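In the two assemblies presented below, subunit A is common to both, partnered first by subunit B and then by subunit C.
Here is the complex of A and B:
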């Protein structure tokens, strides 16, 4: 298989999936899934709180176990797979979070920012590169910016030292035509590989991922059973199968990935991610998928319709990490009901 | 009345906004607006206002120290570390708007008069000025504050290059201030930039974990402190009063700026400047010279 046909698979089951269980994944679950992913030859396994390193908080949810336990457990159970973390400056700092993560044996740092704010990643990308680590830049909520702005921001990350840039459709809002427009432009503009991370709110995760590789993306994110925020991510087992059928190479063992999917279904999740009615509204309104659980909980507490909350959040163009606005929106929606 | 003579070091957004606030004060007058770049838009504004300007930075302060009672340092944390000993030697009071953490941390609504004994005052961070008074109210009204957390969302356009490069320092300094003023065992600070157009106002949430919270006493404490803050930050508004849900206390405020040099949405820059002015006026009122 030629080099051109190779797609690098990065698996954030144990990071994005943590959103689906309110960040309650346990050390045992992390150990089990890491072993299974390692056996399947998945090149990169991402682990952590849903919002990444140092993100356990009242704002976005307290994790069941700390970063140290998550990362050392994962490290002990990954032999050939590389261990990755998601790092959002503004949550995680170099001193408190990145330096310890390097000590725990993290190989790949995926340094993320909202899609228009890449310059906040400069110092973190620099630092991790200087420590000899692999660094990807990640642009989140990319449905909110056009291809020119995305290329500008991705170029900054490239200049800071990122070795690839991943576009995230954090809200599950893209259609394949959006993917083609944005990914092709980035592939043309950058000298480093481009990756794509999909969410399935509108049922487009696999289609969008394939659209991305068809126009030159070289990295794809996929999660076992799609275990991830909101309606979930691209389902890894299906993605590997489709890529095989299309003659792309991934180096990943299909049967063992199917086994890892079964294990994930049995051990990690209470319910398999589905496109719930609220998730569809979340995708349509372009709100970060990780808002699903808090929006449902807070809407119930205030007695308001979660769909109204999502559309209002979308109207306000909230970004990931703004979970506190949910309370305010629910409160104001309830207030306006009383006025009627 | 004789006004207190202040110099402003650093001619970026913060420095220039401070200048407009100083000139409005009945206790302060700006005797020098000092930076490195004569062509900056801040310098142009200052010249237009008839203020003495210089591009000689700290050297100008050294040469003219006899005519200066107090300096606002709006440069960078790195520069303030170099400036601080100079101010001390010259006997000039320093109000530091960088996250250098050299001096006594000041939150006017909580410890204004306690700061007067110090000759170097640190204004913590913008998010700190919005959240720490609430953390202080929690600390004053509750017995066991286990944990305090704050999240600030600011408009992308209000975050200049220095703010963006210094998110880690912002977090560390804010976390330290939260603990110092609330007595909590642990703290966390989070900052988020939002690019939405039209620009959003600064919004800050404080969360706390408290065993057996006394909400009546908390409501009283918070109302009192908000009234105190409004006296020096008119755009400070409580939008979600203390709420106990899901085992945590949440309080949310919005800060609209005065729109002096920076637009009104930049409440983050306004609040730290308003706090610095309140501090400087307190020195002036007390006629203190170090």
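Here is the complex of A and C:
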């Protein structure tokens, strides 16, 4: 389907990276990184609370600044790059969040749902398409569904008007063979482009991203220094370099992307994402990478081992938005094991 | 005095009528039953039949069956009051009896909206499958039935590669994809009609409609031309998802509906006919036609998914059979079809 081995790069540094700093990115940081990304020619820059538009809350974390400030700051600093937002129906509503976001100049709406619940995206996708915006469907936590179910859910998004579907390995659980199995099937089933968003819990983010393009994905997500939830995402600078070496075109300037990576390390992050021991457990147990901070904090409060918490959360198949279960799990582990 | 909508539709019907008058005279004094009668095709059929009553004193009666009632009630208030039309407001699956006076049935109940198919696959399949079965059972008890026309779909064809589709072209292979629920149910309904023709001796033709435009379409439906018009109406660039080379043939609603009437009245029982325009037009050309019908000139954006793709589809009917058997032709060319459609949405039906 690709015309010239072209891969569309979407950069969620300022959205997924917000998870890594408990949603505390400031307007100044957003302005600095957007300018750098724009200079590098990154086609799409995603901005917002880690859980997307309208998600700032006590339950999943209050952002340092509101959506209006984030998006208008980004807009002011993106000249060529498209401005994107992550939209989870429920957190984001059409009236309260999407209509204002359109006014603030958002170009691309990435409407996301848990991998088995694409039905909830219908109204949001319809609305954004009818407003003349580019709309991608995003399936999250895709390690939890087989390729056939993923294809059915992605087909729904296509029918609703999505112009691409992105598979998210939100837990960083995939191996390249999983990517090939699922992405190939989607590429075969859908008539719209397929994209892939990796997390690096098992050190597989670049390998998985490359596996995705090798079997037909046309869109890849990458973050500066891998700045993202948990062990982080595919490292953008490395991704661009590898794609160049493999003769894929991205339209992105490698040197300026390296500069943006340096700037991100200096200006955005207190700690560069690494594959911590807990992140590995998070990936193995198939729990959303964004659970890392609350699991560590709550485990410490209850005096339980966060690895046990992750495996129990994985057994319960929790998904983003169910962070309140962490306390329940920690409490039950404390009662059943640690008091003995 | 005719309102704006009636006057606009009247212009179209008057323009076409003289070319098909002799073929429509069989409908005079007859009683029609239209399932899905408030949809795009159904409303146009009502327009034609009531036009014949107005201009030819044709004495036609129409029963309209549909879950939706507002459009028919608003548009045909007088005809409903006079008893020329009767609105039956329920689901076709609940149909147990068709009025005994009915001579002709057009079975058009189904939604072609792909969003609905995706979200409600069971309802999609059951309304086509069970609705067709209900209609056939009820039709089999009619004494004065002359013909049934079953509206199938061009979606039952396998994807073609730059070739026009004849009625014998390969149909969709069996697919595990949920996207196939609509074409699979339409294919089943065609086969059910064939079975009913054999077992119940019902006189049935089926049609496979392609791509249409014009009054009574819903601009929020995800059809290629609708989205272009919707963009331009909102003073936005016209967005084309791919490289603009996807190809369709577009037929105007007045032509589509009069073809359906002629096929119903004169088509050979057991036959299946493609219905649509065989004049190929690429998405980019369509967008240009739309653009030039607006007072400002909307720009045209290609590759709106931002990923560079060249995934083109080609959906064009071969209409040799219907033209040969029924002497039908295109009455509204592409340019006029689009100009009328844009006028409808900009000036008539805001």
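Operating definition for what follows: the second predicted complex is superposed on the first by the 334 of 340 C-alpha atoms of A that agree within 3 Å, B and C clash if a C-alpha of one lies under 4 Å from a C-alpha of the other, contacts with A are read in each partner's own complex, and residues count from 1 in each chain.
Heads up, the rule we're going with is that a contact is a pair of C-beta atoms (placed from the backbone, for glycine too) under 8 Å apart; a residue touches a chain by one contact, two chains touch by 3 or more.
Being a predicted model, the structure only gives us computed values, none of them experimental.
With subunit A as the common reference, the superposed partners subunit B and subunit C fit together side by side.
Once the two complexes are overlaid on the shared chain, A:119 sits against subunit B and subunit C alike. In the superposed model, A:26 makes contact with neither subunit B nor subunit C.
In the superposed model, A:327 lies in contact with subunit B only, and not with subunit C. Looking at the shared chain after the overlay, A:91 reaches subunit B, while subunit C stays out of its contact range.
Judged by the touch definition given at the top, the superposed model places A:191 against subunit C, while subunit B stays out of reach.
Of the two partner chains placed by the overlay, only subunit B lies in contact with A:59; subunit C stays clear of it.
Across the superposed structures, the minimum distance from subunit B to subunit C, using CA atoms, reads 7 Å.
Overlaid on A, the two complexes show subunit B and subunit C touching the same residues of subunit A, namely 119, 122. Remark: subunit C residues 114-115, 117-119, 176-179, 220, 222, 227, 230-231, 234, 236-237, 239, 241, 243, 304-311, 313 touch subunit A in the complex. Across the complex, subunit C is touched by residues 1-4, 6, 8, 43-44, 82, 108, 119, 122, 126, 129-132, 134, 136, 148, 151-152, 155-156, 158-161, 163-164, 189, 191-193, 195, 218-219 of subunit A. Of all residues in subunit B, only 147, 149, 151, 153, 156, 161, 164-165, 167-168, 171-172, 188, 190-196, 200, 203, 205, 207, 209, 239-240, 243, 245-246, 248, 250, 252 touch subunit A in the complex they form. Subunit A meets subunit B in the complex at residues 57-59, 89-91, 93-96, 114, 116-117, 119-120, 122-123, 144, 297-298, 301, 316-319, 321-322, 324-325, 327-328, 331.
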